[in-house]
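Two complexes, one shared chain (chain A), two partners (chain B, chain C).
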Partner chain A sequence: MSTVPRFWRHIPQRYNLVGTHCEKCDEYYYPPRTICPNCRRNAKMEDHKFDGEGTVVTFTTIYNATDDFKRQTPYNLAIIELLEGPRLTGQVICSPEVIEIGMRVKPVFRILWKEGERGIIYYGTKFVPTEGWV
Partner chain B sequence: MPVGIVSYGVYIPRYRIKAEEIARVWGEREDMAQSLNVFEKSVPDFDEDAVTIAVEAARNALKRASIDPARIGAIYVGSESHPYAVKPTGTIVGEAIGVDHQLTAADLEFACKAGTAAIQACLGLVSAGMIDLGLAMGTDTSQGAPGDALEYTAAAGGAAYLIGREDLAAEIEGFYSFTTDTPDFWRREGMPYPEHGGRFTGVPGYFKHVTSATRGLLKKMKTIPEDYDYAVFHQPNGKFPRRVAKSLGFSADQIEPGLVVPWIGNTYSGSSLIGLAATLDVAKPGDRIFLASFGSGAGSDAFSIRVGDAIEDIRNRAPRVRDYFENVQYLDYAVYAKHKGKLRL
Partner chain C sequence: MRSVSIIGAGCTKFGERWDDSLRDLVVETGIMALEDANVSGDEIDGLYVGNMSGGRFVEQEHIGALISDCAGLSRLHVPSTRVEAACASGGIALRQSVLAVASGYSDVVIAAGVEKMTDVTGGVAADALAAAADREWECFFGATFPALYAMIARLHMHRYGTTREELAEVAVKNHHNGSMNPISQYQMEITVDKVLRSPLVADPLRVLDCSPITDGAAAVVLAPTDLAHKYSDAPINILAAAQASDTLALHDRRDITTLDATVSAARKAFGMARLEPEDIDLAEVHDAFTIGEIVAIEDLGFVEKGEGGRAAGEGITAIGGKIPINTSGGLKACGHPVGATGIKQAYEMVLQLRGEAGKRQVQGAEVGLAHNVGGCGGTALVHIMSR
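Right after this comes the complex of A and B.
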């Protein structure tokens, strides 16, 4: 159950893609950083809620997964570059034939995983194609 | 001071299964779709539940009227498929839409009418000046046992309504409720599928309660069906709302824009509220809308609604109900069954 407190601390970044922004050098960070590597002690960090729109930089499709994820196979894991610049790994919900590098995506709120039958349900952000989805 | 709907939003999952596909598998009569007037129903993805549906609907409601979530003082979520038995759906929704935590929240349960009960709770707090805005939601990922008649209609979807005093998209002029102890449909704790009293429960359940609430409200408001431009009745299938509308003196034209069940199925707590949203999608300022929900067990909440000027400004800033009828993806029964297995209540 040690994952529960860790997930809890990360709820803002998982639910709403809250990262940070350095006002000094205008760099955006996701996951959030408390120190800007560009500006060090001169950094002026503030929270930033990313819109979540971005593009697929690269991806892989998972055909074999552990029990918790088996039902969802095949599914796509992608590195997504957000409009503001940071890159993150996320699931892109669409058929493996549809996903491609450079595809524009937008965020949706989904179940990330469940801790068995009795544990916590972890919610967070996944992505869907911007085109052809409501 | 008038109170009512400041904004609204819906969400309906992308997957559909056709009634004829379900009938094919179970060797049922092929005219099942015709007799229920439900041609296809929505199916949630593996990673969707009543919480994720509520979050998407609430985000659409906030976006539609550019509302600062910090103004929300209460969140009430109506559902019969809350993913946790203990751990409120409303807490997760609140966090996901970015509230400021100075709010009250509770999950409500009254079969298919918990969403309209949530609206009533918000109306009370808003009218009393105790909160600025209340968020009322109906959301469900309903299930029927395989092969049961409910399997043709049990669907997934949700709607969110922001209730307040200013910039009203629609004023709620009044409501009237009718509630009795009627065991027409139930699910015991821990059971995956609901039970129902069979095909004859429509009369003592749906028809008696919707009719009583509707007649009660018309009398209270001193209105007649002709005073309304539109009407929305709870839609467990496509047949019941048509029949009850006709018997109460409402026309087929009045209920047409809000009759969404033939294309998405019965979204339970979302059902009448998605119907209302589809009607708000097309209504003009000054139009009046009659709404009556129904929840087994049993009860009905009827509302008299007058569309406000703000509707024109906000309508197009979030997806309309009919946007969710397009861009759908059809499943065959095998894939649908795989989806369903993951979605035990």
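Right after this comes the complex of A and C.
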């Protein structure tokens, strides 16, 4: 079982989609990076809060999960490209019949998983289709 | 730099080895490799062992000292190092051993790999394997390891027209090959229909698209090519040992349907060996999932990008085909004890290049390639060998 700080330090990123932006090369990063792979030590990184709207690049529906996620099966997992360019991995809440490549999605605040009976309840961002897709 | 050869090889039976511990598997394969190489303990200069997750699977770290101890080498104080790169741990152990011998720092080095995976329940094993992915930014949101490969498969199908049946053909071929390999975990043949009716794991991947949970160990013994004939009548020469890295998370890759680490390692390896993909007679590639083999044969240059799906069904990758792939049965049928897999690939190559692969022998095999991947492409290794 993890200690609370392990989660705590990622709250801005996981709750509010705070990533980074390199002023030097104008590339956006989510999950955030300390070092820009383009500019490395010449980078000028700043925090950037993403709106979280994006497009499904690829996806799967998971039927066989690890113990922590077993209760949620089947659930959709996707790689989502945000409007500013970076890609992230997240769940898309909709029927497995509905999700498709190219689908527009937007973020929602949800419980992600619970660590057993007495552990931490982890909150964060999931995604839902934007109006017009369902 | 000195040329390096394999002078001996051993591999345990792969499978659910309930009667045997990690230590038993190491001892079994070590004896096989040393007898094959005809070396005695006091000639051994070093030992590298690939092991992904002794800590999770058997609650044991410090595997380097453990295996040297089990092998009876503790009183000789031979340096023994455990290396880890998820499913590519074995490949890394092989390459580190090659570097040790090539540099002149060591003469006789053992490259081993071991994983004991059935001492924990399926859920714990799945979670340990998921640690090959990005724990904070993939697994945290519910990603499993098969799910990442499923997302590669989905995009490959969308972009190149690869079909569900073509994925199944990879498993059918590899089970056929595995049925001719005595160490293979699965000895039974399967059909496309059987794959398509197996339960979904992460759509579009089903149970029979996935490599199994396996116990096993493998070892090869290396020496400078100049000294190899002292030990072996049929040493296998290592022409190239290349390694490359990429982003840990799949979502950060330049292209989700290409493993750039494989492309990079292959380019380096072909350069070192001064060979082209057409010069390779057979290859063991990293088919942890059926889509993995399809992407691998593209990224290694055996077929064009996007054409990998058709290869198994059309017999291109069958024994007797243009480029036989995974004659051992691959990870899919032979089994995938993660830390041992990279060494098992070298073991299969040794058998094939010596002409000792029995019913699955590739006739006239002279040059072989082994391709080992960590995670879904964060690490890749390509070794090229010849007889």
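In this section, the second predicted complex is superposed on the first by the 126 of 134 C-alpha atoms of A that agree within 3 Å, B and C clash if a C-alpha of one lies under 4 Å from a C-alpha of the other, contacts with A are read in each partner's own complex, and residues count from 1 in each chain.
We take it that a contact is a pair of C-beta atoms (placed from the backbone, for glycine too) under 8 Å apart; a residue touches a chain by one contact, two chains touch by 3 or more.
Predicted model, so just to flag it, every value in this text is computed and none were measured.
Peer 1: Using the superposition on chain A described above, determine whether A:Gln72 touches chain B (first), chain C (second), both, or neither.
Peer 2: Both: A:Gln72 reaches chain B and chain C.
Peer 1: Just chain B (first), just chain C (second), both, or neither: which does A:Leu112 touch?
Peer 2: both
Peer 1: Would you sort A:Arg87 into first (chain B), second (chain C), both or neither based on which partner it touches?
Peer 2: second
Peer 1: Quick one: is A:Pro31 in contact with chain B, with chain C, with both, or with neither? Answer first, second, both or neither.
Peer 2: So A:Pro31 only meets chain C here.
Peer 1: Using the touch definition from the top, say if A:Pro96 reaches chain B (first), chain C (second), both or neither.
Peer 2: In the superposition, A:Pro96 contacts chain C only.
Peer 1: Using the superposition on chain A described above, determine whether A:Asn16 touches chain B (first), chain C (second), both, or neither.
Peer 2: Touch status of A:Asn16: first partner only.
Peer 1: Looking at the overlay, what does A:Asn64 touch: chain B (first), chain C (second), both, or neither?
Peer 2: second
Peer 1: For A:Tyr122, is the partner it touches chain B (first), chain C (second), both, or none of the two (neither)?
Peer 2: In the superposed model, A:Tyr122 contacts chain C only, not chain B.
Peer 1: On chain A, which stretch or stretches are contacted by chain B in one complex as well as by chain C in the other?
Peer 2: Touching chain B and chain C on chain A: residues 72, 112, 126.
Peer 1: Inside the complex, what are the residues of chain C that reach chain A?
Peer 2: Within the complex, chain C contacts chain A at residues 123-124, 126-127, 130, 134, 136-144, 146-147, 150-152, 154-155, 158, 199-205, 249-252, 256.
Peer 1: Which of the residues in chain A end up touching chain B in this complex?
Peer 2: 11-12, 15-16, 49, 71-72, 93, 108-112, 121, 123, 126, 132-134
Peer 1: Report the residues of chain A in contact with chain C in the complex, numbered from low to high.
Peer 2: 10, 14, 31, 57-70, 72, 74-75, 77-79, 87-91, 96, 101, 112-113, 122, 124, 126
Peer 1: For chain B, which residues are in contact with chain A within the complex?
Peer 2: 14, 45-49, 51-52, 55-56, 59, 83-84, 92, 95-96, 98, 319, 323-324, 326-327, 338, 341-342
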